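Shared chain: subunit A. Partners: subunit B in the first complex, subunit C in the second.
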Partner chain A sequence: MYIQRYGKYLLLLPGIIVTGFFLVVPVILIVVVSFMQYFTMKSPTLTLQNYIDFITSPQTPTILANTFGMSIAASLLTLLVGYPAAYFLAFRIESVKTRNYIISLLLVPFLIDWNARTIAWIPILGEYGAVNYILQILNITREPVPLLFSRWTLLIIWLQTNILFMIFPIYLALIRIDPDLINAARVLKAPPSKVFFNIIFKLSLPGVAVGFTFVLVNTLGDYITPALWAGGIQVLGLSIASFAANFVWPYAATLSTVLVLIAMAVLFILFKLVDIKKLVE
Partner chain B sequence: MDTIVEIRRLVKRYKGNINALKGINLEIGKDEFFVIMGPSGCGKSTLLKIIAGILDYDEGELYIGGKDMKYVPPHKRDVSLMLENYALFPHMNIYDNIAFGLRMLNKDETEIEKEVSEIMKLLEIKGLEKRYPNEISGGQRQRVALARALVIRPSVLLLDEPLSHIDYRLQRKFASLLKDIHRKISGTAFVLTTHDQHHGLSLADNMAIMNSGMIEQVGKPEDIYMRPKTLFAARFVGEINTWSGEVLEISHDSVWVKTSIGVLKASRQNDEEIPNGQRVGYIVRPENIRIAGINEKADNTVEAVFEGMFYFGHYIELVFNAGGNERIKITTPTYNNLDLKINKKYTLGWSSRDAKIVSKPSILEGVDIEDLIYGR
Partner chain C sequence: MKNKLAKIYIAAIITLIYLPAAFMIVLSFKSGANISFPIERFTLDWYIKPPAGEYAAYLSLFHDRQVFQALQNSIIVSMIVAILSMLLVTTTALALRRRIAGRDLLFYLFLLGFLTPGVAVGLGLNFLFSFLNWEFSVWSAALINVVYAVPFGLILMMARFNPDLVFYEQAASALKASPFRTFRKITLPLIIYEVISAAILGFLLSWGEVIRTQFALKGIGTLSTFINVQLGVNPLTPKWYAAGTVVSIVSFAGLAVFAYLLSKTTR
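Right after this comes the complex of A and B.
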């Protein structure tokens, strides 16, 4: 009888075990360690010193601005590029078959190894790369322009690696919109621009929020791409990695906790603004 | 009466060259309550969407208020549409839903407030302003959809199957509400589609019967009921007895037809030429047939065996068998206590004045009279 009643929850068990052991427990550990002076389990002295150090450090504002500034900028840029693509896919291509072909084409970059994909930027954006070649052939510039190793490089690379995570949820939100809602708005005297902003865009907001979250979380956690391509800007992930590598684990844990807290705050605000339930309804 | 909507030889093709509309001609008058009736898939919804401007048409002409509508987008037409599924905006509350059209017309907020409040009072949905579409009942949603379409005061209000998604009691209530509102606000023609003959007949000033993308007949409800031009139209409005037969003799006001249940006499309903020997449909409404002894004026009589009855509350339908599986239906008010015996033979009679002949099965080409009558 108990099995009949509660047996369905057994299906959740593998998921709970995996997230419990490999996410919840480590996060709790990190938070605990972030209050320690040295990493020792024997006689831990808890202190707020790490947090005080972080807040008072002269580097902190720059690092935070870099980290969240670049991630939010990348999310916005991806949204700006991804939304029209999703719209095109949902409303301008009638055949479902063609849509599916295009979506599977978007997946192709993910079939290529991460290293190969990263190095591939050199022949594209490098000094002797495709972009510079075209610029010189068209006589726009005489000398090669430095395109690699700047904030813009980082944004472009993040845009490329994350665009699918933006397009897909927005596309899903758009195809769920009942065409009759659009028809009703048109008949109720809404010109095309107002049909878009008052109906289509508003109803696709849950998709926008999900896509935005994906890109934000992805880029916040990625410190290798900024380290390789951003020309030496300092981001939180990079600091965490270097402190951890030098065995200053409590301070690395503090930075991690701060990163997770701020990311959660951003997402909390985002989902206060947008009703995510609309997408799963 | 002045015309507000004029449609000429309108053709609509969907992909794969399926003709949804095959040359529609229609005129709808100002202030008219016009009903388009037909079975599902006959193209009535397509026609409404074309008038609203949501769908384009391939051939023919459409005029609204005398203006050609070919290149006029929906938001510039003096037309409003209540969609079959209501299509209320789920992210707006009821007030904002109803105010939507007025806001798009750039009216100022105080005027919008006044007009929304007025229409909500008229439709008895006051108090729902702050609710969302998923928080109200189906009947309320329907009224909100009507209010939203009506509040912009269009010259033509299109109603696509407004009565098909609610239960019977609400249907009757909503139908009389529609009729009421149509009378109260002047200057708006109502165009309603339905597949239900009761609503169609009872609401319409004028109506059109549609079949497979063509119009079978246009006219007043009583015209179509009493003088159907095609067998399809005759069978679509009300119950009817039909037999196929051969014309034997024609006089200036009567026609004699040889059918499988005998030679039957009908009145000639129009000046249509009917050659001797032509296959025609002979029709008589079940309320016009009597059991002999009750009506002595009957000049058509048939012997038939009583098979059973259907009870409908205010009337009953009696089913007789005239031999060879030829059924005859009779309807009679319930208060006529007839006391009929099953399997007993009775003589049925009706006046030739109530019987008509229809020589065209349908406006469509290639429909066989017997196929239509015997449902093959």
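Right after this comes the complex of A and C.
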């Protein structure tokens, strides 16, 4: 009897324990340590100095603008490129077999090592890379054009590494749309643009929100790619990593708290606008 | 006409995704140490040339011992992640299916696993382990990746639950089947694809993860974190493209074996 009643809670236990220990406690510790003067667990001195330092630092506005500006730009670009792909996949490719084939084809490059995937852009866009080689052969330019190490490179790399995370949730949302709804609108002579915006796009919004969130979070946390490819633009994650590596732990914790808080605020607004649970119900 | 546009567009996306992979493979066979075009000669030097010195960037891949240690770590960590995320995703998804108290809250709690930036979780885990005086190991590296992988599997599984599954289960327990037998005979066969997908997702996500793993595993690390560190301290040579190619081939092979087993067991 008790097993019947509490069994469902028992099933939750493993997930809660692991998530608690490896996610919730670390995040709480980040917040606690961010108020410490020195990293110690025995009667620490609590202070607001780290936050005052962060707010008054002349670098702060640039870092915040870089971090969130680039992430939001990458998410929008990925949405713009990924949405049509998901749409075509869901509505223009009729055979389910072909669809599954294409999806597996999209999945394969994600088995490729993350570093190799990133350094592979050097022979493509680098000074002596393929693009510059072709440009010079075609006599379009004489000197190599600097294509690497710019914000655009970062956006292209992020587009390439994240696009599956955008296509897949949107595709899942699109194939859940009842075809009768679309047919009904067509029968009632709704113009194609109206069918798309009022029915298809609206009903795919949960997928869009999930995809957008995936890309936003992935890019916000990724400081290695900007460090390598964006000509050394400073982002929040990079500051955290360098302070952490130098054992300036309380200040690294302060920066982490700020990063988590702002990320959560963005996600909260997004989830308020769109009910993402529709995708799983 | 419309369908043609669709096909061209999807082909373009696939090209974009495969472009770096193609260049990675081509460059790994390039002679000479610099990364440039045109390629004069193709060679296997970066894979198998006997060592002429100690300098890591110029040591061929199969003669670099550290690569093998890192590969071993990668396989251990990713296998643990695959098994644990499979178990956690299945139990959690089955529990969250019912309208239980705090369901939404719990769902969002698990989602936080990938919503929280890895650098913050990793740093917090460093605080926790330093506080407890614990050492990092393959287990800490695996578990920080499990928390990251679980939400992906959870969404996948919950999005695809058969609405009739509950009725089948009720029918089974009405016929006096024990909960365990019901799970084994009714539930599991109906969700087996999602269960295995959760394991594959866990394996793949942890296989490529750099930031979280870097914070939770000291020493040589996994192959991805190892290459990442090497790229920072050594000049870029085709060796690292060869490393990427070998890693990718290993994971393709693993996935193919897995898919084959899958097609056997579900018959």
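Just so we're on the same page, the second predicted complex is superposed on the first by the 277 of 281 C-alpha atoms of A that agree within 3 Å, B and C clash if a C-alpha of one lies under 4 Å from a C-alpha of the other, contacts with A are read in each partner's own complex, and residues count from 1 in each chain.
We adopt the following convention: a residue touches a chain if its C-beta (ideal position, glycine included) is under 8 Å from a C-beta of that chain, and two chains touch if they have at least 3 such contacts.
The model shown is predicted, which means the values in this text are computed figures rather than measured ones.
Chemist: Where does A:P191 make contact in the superposed view: on subunit B (first), on subunit C (second), on both, or on neither?
Modeler: first
Chemist: Once the two complexes are aligned on chain A, which partner has more residues of subunit A within touching range, subunit B or subunit C?
Modeler: Comparing touch counts on subunit A for subunit B and subunit C gives C.
Chemist: Of the partners subunit B and subunit C, which touch A:K272 in the superposed model: first, second, both, neither?
Modeler: neither
Chemist: Does the superposition put A:V108 against subunit B (first), subunit C (second), both, or neither?
Modeler: The second partner, subunit C, only.
Chemist: Looking at the overlay, does A:A241 come into contact with subunit B only (first), subunit C only (second), both, or neither?
Modeler: second
Chemist: Counting only touches as set out at the top, which of subunit B and subunit C does A:N183 meet: first, second, both, neither?
Modeler: first
Chemist: Can you list the residues of subunit A that meet both subunit B and subunit C?
Modeler: none
Chemist: Show me the residue ranges of subunit C that touch subunit A in the complex, using the header's touch definition.
Modeler: It comes out as residues 2-3, 5-7, 9-10, 13-14, 16-21, 23-24, 26-27, 34-38, 84, 87-88, 91-92, 94-96, 98, 100, 104, 106-107, 109-110, 112-121, 123-128, 130-131, 143-144, 146-147, 150, 155, 158-159, 179, 204, 207-211, 215, 223-224, 227-228, 231, 236, 240-241, 243-245, 247-248, 251-252, 255.
Chemist: Which of the residues in subunit A end up touching subunit C in this complex?
Modeler: Subunit A reaches subunit C through residues 3, 7-9, 11-12, 14-16, 18-19, 21-30, 33, 39, 41, 81, 84-85, 88-89, 92-93, 102, 105-106, 108-124, 126-130, 132-133, 159-160, 163-164, 167, 169, 172, 210, 213-214, 217, 220-224, 237, 240-241, 244, 249, 252-253, 256-257, 259-260, 263-264, 267, 277, 279-281.
Chemist: Spell out the residues on subunit A that touch subunit B in their complex, using ranges where they run on.
Modeler: 178, 180-181, 183-192, 194, 198-199, 202-203, 278
Chemist: Quick check on the complex: what are the subunit B residues that touch subunit A?
Modeler: Per the touch definition, subunit B meets subunit A at residues 49, 52-54, 73-75, 79-81, 83, 85, 87-91, 100-101, 104-105, 148-149, 152.
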